[in-house]
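Chain nomenclature is as follows: A, B and C, assigned in order of appearance, with residue numbering initiated at 1 for each chain independently.
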Amino acid sequence: MDYFIELFCSGLTRGAIYALIALGYTMVYGIIGLINFAHGEIYMIGAFTSFIVATVLSIYGFPLLAIVVLAGLAAVVWSSAYGYTVEKIAYKPLRHAPRLSPLISAIGMSIFLQNYVLLAQTSDFLPFPTLIPEFAFMEPVAHIVGSTDIVILITTTIMMLILTVVIKGTKVGKAMRATSQDRTMAMLVGINVNRIISVTFIIGSALAAVGGLLIASHIGQINFFIGFLAGIKAFTAAVLGGIGSIPGAVLGGLVLGLTESFATGYVSSDYEDVFAFSLLVFILIFKPSGLLGKAETKKV
Amino acid sequence: MSLLKEMKKGLFTSLWFVFLTFPLMVIKVDPIERVVRWRWENALYVAVGTFLMYLLVTFLMQRKNARAATETEVDADRESFIHRLIASPRQKYLLGGALLAVAIAFPFFSSSYQTNVMTTALMYVVLGLGLNIVVGMAGLLDLGYVAFYAVGAYSYALLNHHFGLGFWAVLPIGGGLAAIFGILLGFPVLRLRGDYLAIVTLGFGEIIRLILENWGEFSKGPSGISNISRPGLFGLELNLDAAIIYIYYLMILFMIVTIFIVNRLQDSRLGRAWIALREDEIACQAMGIDKRKTKLVAFSLGAFWAGIIGVVFAAKTTFINPASFTFLESAIILAIVVLGGMGSIIGVILAALILILLPEYLRALSEYRMLAFGAILVAMMVFRPQGLIANIRRTYIFEKEKSPAEKS
Amino acid sequence: MMDTPILKISGLTMDFGGIRALNRLDLDVHAGEIVALIGPNGAGKTTFFNCLTGIYAPTAGEIILTPPQGGKSISLKGLKPNQVTEKGLARTFQNIRLFSQMTVLENVMIGRHCRTRAFILGAIFRNAATRREEREIVEMSYAILEKVGLAGVANEFAKNLSYGAQRRLEIARALATEPFLLLLDEPAAGMNPQETQELDRLIREISDDGLSILLIEHDMKLVMSLSDRIFVMDYGKKIAQGVPSEIRSNPAVIKAYLGEEVDA
């Protein structure tokens, strides 16, 4: 039973982080219909930035709390800046290009960013500093649920709540929803669509950065390539939930995290990634509209 | 826009990039030794680099816009130097013959190392031409092309290892198996929308690689298969240098055959259907084209080529492991097609030679190879989606009414 | 007319989520007829074409096609668009869908696809049969271009043609599939009066060649001059049918549609 709960919790943690990254895919897809292939790299850059800032601050002897806050802040700021810039360079000029052009551009961006980080930093795995201490009150259950798991779950929940408030309650959120429903109409009623697209990239990137920070401190090491796999898995989560749907991304993330956790725990861990990829292939083939998305007839 | 204003914007952009790249470019930490290195000089490079880049991009954009503004019936003017060069068949054959002569003479005045490099480049030419059928002509973004390459390579490695089958026997088997894989995968996925198809093929490619890595009994896992036989020449055992030259000539032959076939396909009923499919699927179907079947043929034909070259790859290196078949490999081949110009045969040949040979001969560049490939994909989409050498369509001349004579 | 209609539609219904775009539609076309389908924007006319040609799968109803020269009746329901075309139904699109990166001639040649056979081996080896077929494709396509008056621009890119010429190219492309029933979706949209007049003549010529025509059009002058019969739709329903003179004076039609342009 303990083992079951342990797997459940680790699945939940994984799932929560997949969900954080999946939100970026789903929001961008909802607004410009693009699979933002470089989103995984934004997450990787978030992890790297927080690694650099946290390590520098700890070398200079800052207290742990300050390190956590500043590293998190830096990750969010720089990831957002990268997300914003990537959109301006690689996607905005292609707004009216054939559908596959921005996707190819996104793949190029993804490869570029990976190798940029590789060249600017290193190809080695780097040890990520411990940012989340083992809490004393968690002692009795520590063999089942780690403190990082709790922190990740709480942080993710808070992020999602904030996102919900932004999207449901603010003017920007309303404009985002309008734009994703019908971009031309949104433009006609005076919404600055380019600005809304930028905001979407910034929000998505910020969420990915938080995901990057959390997962890096959970796993304890990073390198320039972590964005590829995490990106694919998060995309799988987004599609599983129904791409374009925000609750879908969360649901998809959790389902993927839990199934992965149980499959590796009870079946075999050799084929962990094969499992995720197969799931991706199967959903796209058999239910491309996902769990919460609705199937549409393309208008001719 | 005034120059001063451009300069100001350029300055602002370069400041933004200095900020953007600051943590990654300037700071370098060693978490074990606990030392921080501040590489301020990098900030300067970024600033200057961005500024120059900004000016270049602005210039290119202005030129592109100016062109778009004057573009009416100037398609003829847009034809590049190369198009004009090959416009007349005589010049085309002369040029082709000259290039072929150089290619045949090449091994005699260069080292086996260089011949080997050239063989690799030729392999990418053929891979590029194969993927060009799928992506360039039929418009199917296949990100798992490397999987078919792996099928070919492992077919030869395993059949050679277990049953001692030779290169020539496995060549059609490898190509055929890859084509069958193409059909098996294509059947369920080809009804998907373009971007989903791309992701599914990527997933498929990764699945194949992961299986090769993890299923040790079958593929010997990450350590790979070694001591694969080189191709034989009528039962002759060749020494290493001779084998390198032999494979080089084989690749020349394969390339010529590929160019011939792709060229004929392009101007056929099937080739037209592919291009129409790329342009507008719905109109295509309404014109009576079976979308599923036509796509499947393109997909498996492309896979066939990848399989063939996979066999050659295994025979050339005599050692393969799953690390040779990552997504990046697919991305490199895609970059060749995109840089060359979707659907353009000469473009793809040129692009393969540039992308494979340049980093090989300019060692300083080889470190930046993948960075450049990524940048090329973005830049081509933004500035020149038609590629280095745009594909031109065949024209027909009608001398008298109702008695059309053809001319390519 | 006593003969069996070449196209008989009964109870055709199409739902999109909550919207019922077609509501139990009945319609028939006889051999050699020009039938017009009119109705305000959003009435469901294009949706009707899409259901006929297999692009949408209708929710309910039956579509029966009977080839004119004593062919067997077949149901078009569940057929893929290319199969529908093979059966002898061809269409044009309201929002022009040409292959813009191909030449004008090649666009028409695509239409020959479903009537020709050459495949991979034929393409590679170019045997005598393939060469003959290829020549026939070119000749026939060129002849069709002459018919619609585009032979002079055969080697231009389709995207460089004027709007009216693009619409005529759409018709040429459809004719290349050798249909016996031609569906035209607003062929005169965006044409100037002179172009419309040429279109009028072209449609008559096609009709004289023995094809039946089902025409969606807003230009009432064209509709009234060409049509043998007219069907009127509104909100997915058929609200009237009859010969032009009957439709002109039908109060329901005037109310729904002709209100602003009774003078047509």
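Convention: a contact is a pair of C-beta atoms (placed from the backbone, for glycine too) under 8 Å apart; a residue touches a chain by one contact, two chains touch by 3 or more.
Everything numeric in this text was worked out from a predicted model, so none of it was measured.
If each chain is drawn as a node and touching chains are joined, the picture has every node linked to every other.
Using the mean of the Cα atoms as each chain's centre, the chain most removed from chain B is C. The chain occupying the central position, as judged from C-alpha centroids, is B. Taking the mean of the C-alpha atoms as each chain's centre, chain B and chain C sit 41 Å apart.
Between chain A and chain B the centroid-to-centroid distance comes to 30 Å (mean Cα coordinates, whole Å).
A separation of 48 Å divides the Cα centre of chain A from that of chain C. Taken residue by residue, chain C touches two or more other chains at 55, 93, whereas all remaining positions touch fewer. Annotation for chain B: residues touching 2 or more other chains are 282. Residue positions of chain A touching 2 or more other chains, listed in rising order: 300. Residues 16-17, 46, 50, 55-56, 93 of chain C touch chain A in their complex. Listed in rising order, the residues of chain A touching chain C in the complex are 294, 297, 300.
Across the complex, chain A is touched by residues 16-17, 19-21, 23-25, 27-29, 31-32, 34-36, 42, 139, 141, 143, 188-189, 192-196, 198-200, 202-204, 206-207, 210-211, 214, 282, 327-328, 331, 334-335, 338, 367-368, 370-371, 373-379, 381-382, 385 of chain B.
Contact residues of chain A toward chain B in the complex are 34-35, 45, 48-49, 51-53, 55-56, 59-60, 74, 78, 81-82, 85, 89-90, 93-94, 97-105, 107-117, 119-121, 126-127, 129, 228, 232, 235, 270-271, 273-274, 277-278, 280-281, 284-285, 288, 300. Partner chain C is touched in their complex by these residues of chain B: 73, 75, 261, 264-265, 268-273, 275-276, 279-280, 282-291, 297, 301, 393-396, 398, 401-402, 404, 406.
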